[in-house]
Amino acid sequence: MVNLKVDFLGKEFKNPVLSASGTFGFGEEYEDIFDISRLGGICSKGLTLNKKEGNEGIRIWETPMGMMNSIGLQNPGVESFISREINIMKKFNTNIIANLGGNTEEEYLKGIELLNTSEVDIIELNISCPNVKEGGMAFGIKSKTAYDIVKKCKKVSKKPLMIKLSPNAENIGEMAKACEEAGGDALSLVNTFSGMAVDIDKRSPVFNNIYAGVSGPAIKPIALKMVHEAAQNVDIPICGVGGISSGRDALEFIMAGASLIQVGTANFMKPDICIDIINEIEVFLIKENIKDIKEIIGIV
Amino acid sequence: MELTYSSIIQNKHIVEDIYEMHLEFENKEINPGQFFMVKSLEGSYLLPRPISVYDYDGKILKLLYKVVGKGTKIFSKLKTEEKVQILGPLGNGFPLQDIKGKVALIGGGIGIAPLNYLVKNLKAFEIDSYLGFRDKIYSLDKFEEFSQKLVIATETGNYGKKGFVTDFVNWEDYDTLITCGPEVMMNKIIKIGKDKSIKTYASLEKRMACGIGACLGCSVKTTSGIKRACKEGPVFSGEELVVEEQPW
Amino acid sequence: MVNLKVDFLGKEFKNPVLSASGTFGFGEEYEDIFDISRLGGICSKGLTLNKKEGNEGIRIWETPMGMMNSIGLQNPGVESFISREINIMKKFNTNIIANLGGNTEEEYLKGIELLNTSEVDIIELNISCPNVKEGGMAFGIKSKTAYDIVKKCKKVSKKPLMIKLSPNAENIGEMAKACEEAGGDALSLVNTFSGMAVDIDKRSPVFNNIYAGVSGPAIKPIALKMVHEAAQNVDIPICGVGGISSGRDALEFIMAGASLIQVGTANFMKPDICIDIINEIEVFLIKENIKDIKEIIGIV
Amino acid sequence: MELTYSSIIQNKHIVEDIYEMHLEFENKEINPGQFFMVKSLEGSYLLPRPISVYDYDGKILKLLYKVVGKGTKIFSKLKTEEKVQILGPLGNGFPLQDIKGKVALIGGGIGIAPLNYLVKNLKAFEIDSYLGFRDKIYSLDKFEEFSQKLVIATETGNYGKKGFVTDFVNWEDYDTLITCGPEVMMNKIIKIGKDKSIKTYASLEKRMACGIGACLGCSVKTTSGIKRACKEGPVFSGEELVVEEQPW
């Protein structure tokens, strides 16, 4: 038997496959479709200190082998999460990653303080959501800004902090390094790319916010490059995200330096795709006679 | 609800850009108004497409669909025995137990699809059906069989009355209006329902990614907050919908 | 009849559709396939002062609705271009845009001096090629570096200068502005995105250079956003590029602020696709009762 | 060379992952060794695929292809009467006028496709054919008809001799070696040709985007500089190839 287990920030992951934030709710909707306890972990929908209703207008748009979304961090707020949604996640017997966004420093810090007392395994600090105006993403563009917020968050956090980077960062290598230096325990990347669609019949942007986040297989080669670049620049572990829809895709990210990977948009294409991906990774390791997945993390 | 790969029993052209697909799908319970996320196995697109249940007899799942873009175009080319990925049944469906009194079903174009499976399950009620088309008519059988009155209108006047079908409804005759069709039509009916205090139900079409409530892509503004068309809908009562701010 | 003509940097373009640099050679290979004089213009293969042999190893890789290339600016050099290849282009009776790359300031300046004496209509200054190590792209990442090179190039150039921006620029709005301030006459964007592919069977990168350039429909929503952002930041005209494969795509770019558009990767999908695109634009204008394409440039 | 949309006359499964497609394509001149860029009209991929001419009689263009990935998989599902986009004939083809003396055609697997159309056009020469397969054999007819000697080898020993077909060639017997197949096989033959001063021609497989010489994606290192496999190739003489540095 091959070993798919990964140790990441002191937590054991059954396998390197996680569901990505915002594409998997809090897990319960997928319960009827497959056995969620098979996942390495689940990243919660992006949380904010206070409940958010999200954006108006069209929220979903298909693009060539990709999609755009402008959900705008609709979520019940951290307190509700701790008293309600986390209990849904707990019963799946896998790692719980709370994805936390914010518009201000205080929001992040208060959110973390609340999460400190909860049973989440890791906090994924979302400094990269392109869909809220004031914008978590504001923190994720310039390395210096990111450094400052991560440093402060790290000070209050009792949970391991995984910083979720934006592909819109000015310089991904520098950004990765800044987050490491600020004390980030791990990195996840990438969040969605800022993109646009025009409704030419109406002669107006499709999205009320004009820009929206691009995800899916279309972005895979660019996301993979960013993961590789980040891995070249830091020593903290990395969770790779962006367009993964097969075991081969996942293995590309792992070889490029990701210890774990997240599956986002592909869940919509085939809601049990995470299981396929876990199986394909396992079959590859067996075929290639690789005893332990750790042997190939970052070998490229 | 389940994810499965169904064989196509037939996939036939009806008229103009309208097709009907029959799928193997045995022994499930499906409420009128529910839908499936449908995806062909090959093809250059990513998201499954939401399609309503047009008819179901415990054995064969029937879908009526209109070719409007890439996905439905690919559907129209699928052949007997090929498989499609389906996820469903999804959504709430029409609240059969709440529907009362004399009912008008008002369908526009491909919006008649969910009403077709509804009309036969509303047997116990007094139903009039109003169906509007642009030019060609289709899929009238069930409405003829189960309605007391059937009014057809076409914009071109090619069949039935000429004009919008909503022009031929005597609103005061009804206790309940049930509608599915173009947004302008549904908005109009919801407004009439509100103005005249007639109970209305509309089945909304929103862009969907997951279809199961996980992505929050299909939000609908209601008087009791944001709801998900795929989960708390697609059928909403007119009263709870905040129509002015709907982008549909 | 609707008017598709666009005046751009004092040149008349029959229509806004150009073939993009590197995907159309110098035009001659497409001559048997369609009437090239129908194009608004042709951008030459990227030229450098001296002949280049290009990169070793795999040069082409398909990605989901996109592709990666690592050609590495294989080209005959500016002098050969002026004495030979330009004559091929001249017979097509359309605008000739010479795409010029370089590794050093001198290379750019000398290249421009040679082109000054030639019959090219516009020089497209490629500060964004990700596929040469020393890298034209080095000039296209930081706004300040771009400003400096554009300023110098502008001083020697007797031809209108269209600056081709990289999507890997740290800040595309700022970059656009910097190029305008340095005297750039127009902008074209985007060049290819830096991306990566891993051959998991060989456990090595697919490309000898590790990273390569991503293009095609996959990048369209991101490229469109960048064109819109640039258009919001400058007053000079813009030529939009990135994933355009239909008239509707072209119109999205035009409405977002592009006066002209370029078609690259899509030429490989269907070698006469530029003609389809021109026709589709015309049909749209007729249907929407738009008399002149200029009415919709930048209306979004 | 032209861009056209050809109807599929038939598209049949031969053996294992090998298929044969027949296309309408009338009254053109095609040299053995030329190829087409082939693309299905629907399907989730972008670049056309280069496929050699397997046979041509002035009316029907025949292609023999192996399903290895996404594109060829989609090809294998195409049905009679569907159309495919083809661009061609492309490339140089084998230099019929230069081929001299006693000739060995050495094909490996699907690499026999271009040799099949070549063998019947080399009628005037003395030809021996050496075909290697992994396990199953296919498409031997033309080689039987037009070769003086036909040697078959399979890696499994299932048919013919067991081993690599190159193990059964008596190199000194030939003036010209013509090969198409896996890169290791072709490299070996080119090397043997160089060592023994036998003229060799190899038809190379390089990843292609345009197929017509415009993108410079298919570069081949030769003693006289970089050449394009799609334009100056795909057939190159062994002498001019710089094999050591070829990534194939």
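A, B, C and D are the chain letters, set down in written order, and residue numbers restart from 1 in every chain.
Please note the rule applied: a contact is a pair of C-beta atoms (placed from the backbone, for glycine too) under 8 Å apart; a residue touches a chain by one contact, two chains touch by 3 or more.
This structure is a prediction, so every number in the text was calculated from the model and none was measured.
**Student:** Based only on mean CA positions, could you tell me how far subunit B sits from subunit C in angstrom?
**Tutor:** Centre-to-centre distance between subunit B and subunit C: 46 Å.
**Student:** Between subunit B and subunit D, what is the gap in Å from one C-alpha centre to the other?
**Tutor:** Whole-Å distance between the two chain centres: 53.
**Student:** Distance-wise, how many Å sit between the C-alpha centres of subunit A and subunit C, to the nearest whole number?
**Tutor:** 33
**Student:** What is the distance in Å between the mean C-alpha positions of subunit A and subunit B?
**Tutor:** 35
**Student:** Going by the touch rule set out above, which residues of subunit C reach two or more other chains?
**Tutor:** 64-66, 216-217 - these are the residues of subunit C that touch more than one other chain.
**Student:** By residue number and range, which residues of subunit D touch two or more other chains?
**Tutor:** If we look for residues of subunit D contacting two or more partner chains, we find 44-45.
**Student:** In graph terms, with chains as vertices and touches as edges, which category applies: line, ring, star, complete, or other?
**Tutor:** It is a ring, because the chains touch in a row that closes back on itself.
**Student:** Identify every two-chain combination in which the chains touch.
**Tutor:** Every touching chain pair, ordered by label, is A-B, A-C, B-D, C-D.
**Student:** With touch defined as at the start, can you tell me which subunit C residues reach subunit D in the complex?
**Tutor:** Interface residues on subunit C, with respect to subunit D: 22-25, 29-30, 32-34, 45, 53-54, 56-62, 64-67, 69, 71, 74, 208, 216-217, 265, 267-272.
**Student:** Over in the complex, which subunit C residues touch subunit A? Could you list them?
**Tutor:** Checking each residue of subunit C against subunit A gives 63-66, 68, 141, 170-171, 193-198, 200-201, 203-205, 210-211, 214, 216-222, 224-225, 228, 243, 248, 251-252, 255-256, 284, 288, 296, 299-300.
**Student:** Sort out for me which residues of subunit D touch subunit B in the complex.
**Tutor:** 42-45, 74, 77, 79
**Student:** Which residues, counting only subunit B, touch subunit A once they are in their complex?
**Tutor:** Touching subunit A: residues 1-3, 39, 44-48, 85, 87, 207-210, 212-219, 221, 225-226, 231, 245, 247 of subunit B.
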